[in-house]
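Should a chain be cited, it is by its letter among A, B and C, assigned in written order, with residues numbered from 1 in that chain.
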Amino acid sequence: MVAIDVATPVYEGPFDLLLHLILREEVDIHEISLSTIVDAYLAELLKMQELDLEVATEFLLIAATLIELKTRRLLPGREAVDLDDELALWEERDLLLARLLECKTFKDVAKILATFVDDADRVYGRAVGPDERFSEVAPDLLEGLTIEKLERGFISAITPRKRDELSLYHISPIRFTVAEAVEELMEDIARVGNTSFRALTTGLVERLEIVVRFLAILEMYKQGFIELDQVDRFGDITVQWTGIGTGNESMAEIDSYEG
Amino acid sequence: MKDDVTTETVRAIEAIVLVAHEPVPTDLIAQLLEIPATTVDEVCARLAETYEEAGHGFQLAKVAGGWRFQTHPDLAPYVERFILDGQRARLSGAALETLAIIAYKQPISRLQIASIRGVDPDSVLRTLHGRAYVAPVSRDNGPGQAVLWGTTQLFLEKLGIASLKDLPAIASFVPDASLVEALEKTLLIEADSISEPSEGA
Amino acid sequence: MKDDVTTETVRAIEAIVLVAHEPVPTDLIAQLLEIPATTVDEVCARLAETYEEAGHGFQLAKVAGGWRFQTHPDLAPYVERFILDGQRARLSGAALETLAIIAYKQPISRLQIASIRGVDPDSVLRTLHGRAYVAPVSRDNGPGQAVLWGTTQLFLEKLGIASLKDLPAIASFVPDASLVEALEKTLLIEADSISEPSEGA
């Protein structure tokens, strides 16, 4: 948690950095070079040597996508490119684009909210209450309050019902790991045989969760457990169980996914 | 002032708002004075204008769903000199961005916020919760039963607005076409021309 | 208005007096605005007349050597109705819990109260403070210098006890000691710079 404050003094996360790099050159959008952006991004990443692992992961995930985009552009022709890889990259790119736009939207809103706050900060509300002439009128809020009631109030305040919300601060965040997703999907897909990416991600609200499932699908494809096919660009991806694949022992290493 | 509103009603509103600890909801005033809520808002808005025209050092303003007396923004330097602990806690850019996301997308989970900002909002959320600008409002129905966050009355006061409806429309902040183009061009997969990938490889 | 008194000075007086919880001494206003005390009294007296002539529901009055806004005597019935109506059911379960937390854990910051109750104690705090059952007693040494709250003499009187020592040790009433321990830990994490108040013993 400290990492947010300490490790990234300039950039509030990978989107912030990427937006900054791209928009810095917005003046001449037709001359923007992906290579420059990617190199600059990696250079910034290198500067963050004391980056904490959790923050670094976010930055690295974006870096991986960027590098893949750059690599693809440097390829001489498309003949050698596998269509599935190509489509996966398109999807990743679109996702990145969508997230950048959403991030930028709220950055701009925040600027307006800041002016609201600045204006409101120059205004002081009266919160004085009735003067002593009305002290007789005011009902005695503590009427009937006993030591016993006070104790009950305190105990009630610290009962587990409340700790529910307390625990927020202490439990480790829910993390979706690729390995977990693979484990889950292996069972699901093996059971139904044929399915689609959309079907596997219905009901998921967290975008991160969808991304992780996507990575998991790619991993399973790489290991030969499933076949993937996408008829149209942006279309649904069909997922087919092959029933074969490498041994389960490699699954433990999935989390250190190399993108 | 509207003809059917007595001077006494107007004066009573001034008196009630003066002794309140926090913004007085329109409905409460309406109920106490036995007049329609719309009339209350009309009278208060008119009163606010009168004060402004008369050049008073105070204002009547609708904040966080109710009416309150507050100092005129012009006079902040004097008021701050008077209130010794007048320094307001400033909100960081990260805090404001997180607040903006929560304000527009509430109820929203921490992970959803993280996905928009690209960083874990944990520490920022704690600060905002500590200052009571946001609070847990419900729980997600999903497997994790994630806590969902929303903004508070105090958030409205901090922004000096009467309700969430006073926030600017989010649509007006969606990045314009040139920016979208800039992002898209930068993240193009192919350098020269975009053509459909060859079918059925 | 006297010629040598600027409109700004008059407006500044209005603003300062508006937010003051106690009558503002003439001398203090004079010092803040760098004008003679006699001028302050003249300006205020003149302002008071203006309000009366305009028929406002509030007055500017000199009380105990200082100036304050107060409601016009005519309107007392409305103010009384507001006080009764607005605050009758105020000591809700939430308010009682907050009061109990302050009583047992004082001095305690708003953040700490929030962390125990899990909800924003702000409005409850304002009510309790408004009724002088709790008051700011000190400040946290930490970076935020948070205000720390404690209960007042009036609270003791209402409860019919001589001192906080008369509150029984809470441990004997809590069935599960680990719960209290968990609470203590929470407080330590939330604000480790605050010394633990003696446990109501």
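Basically, a contact is a pair of C-beta atoms (placed from the backbone, for glycine too) under 8 Å apart; a residue touches a chain by one contact, two chains touch by 3 or more.
For clarity, every value in this text was computed on a predicted model and none was experimentally measured.
**Student:** So which chain is farthest from subunit A, going by the mean of the CA atoms in each chain?
**Tutor:** C
**Student:** Of the chains shown, whose Cα mean is nearest the mean of all protein Cα atoms?
**Tutor:** So the chain nearest the centre of the shown protein is B.
**Student:** Rounded to the nearest whole Å, what is the centre-to-centre distance of subunit A and subunit B, using the mean of the C-alpha atoms as each centre?
**Tutor:** Chain centroid spacing, subunit A to subunit B, equals 25 Å.
**Student:** Where the centres are mean C-alpha positions, what is the separation of subunit A from subunit C, in Å?
**Tutor:** 42
**Student:** Would you mind listing the residues of subunit B that make contact with two or more other chains?
**Tutor:** Where subunit B meets two or more other chains at a single residue, that happens at 18-22, 58, 69-72, 79, 83, 136.
**Student:** Which positions in subunit A touch two or more other chains at once?
**Tutor:** 124-131, 134, 165, 169
**Student:** Hey, which residues of subunit C end up touching subunit B in the complex?
**Tutor:** For this pair, the touching residues of subunit C are 7-8, 10-16, 18-20, 24, 28, 32-33, 54-58, 69-72, 74-75, 78-79, 81-83, 85-86, 110-111, 114-115, 118-123, 126-127, 130, 144.
**Student:** Provide the residue numbers of subunit C that touch subunit A in the complex, in ascending order.
**Tutor:** So the residues of subunit C in touch with subunit A come to 15, 18-21, 68-71, 76, 79-80, 83-84, 87-88, 90-91, 93, 95-101, 103-104, 115-119, 126-128, 130-131, 133, 155, 158-159, 161, 166-168, 170, 173-174, 179-180, 182-183, 186, 189-190.
**Student:** What residues on subunit A touch subunit B, complex-wise?
**Tutor:** Subunit A residues touching subunit B: 1-2, 4-5, 8, 12-16, 22-23, 25-26, 29-30, 32, 34, 37, 54-55, 58, 62, 69, 72-73, 78, 82-83, 86-87, 89-90, 93, 96-97, 99-114, 116-117, 119-131, 134, 165, 168-169, 173-174, 203, 205-209, 233.
**Student:** Flag every residue of subunit A that touches subunit C in the complex, lowest number first.
**Tutor:** 124-131, 133-134, 137-142, 145-147, 149-151, 153-160, 162-166, 169-170
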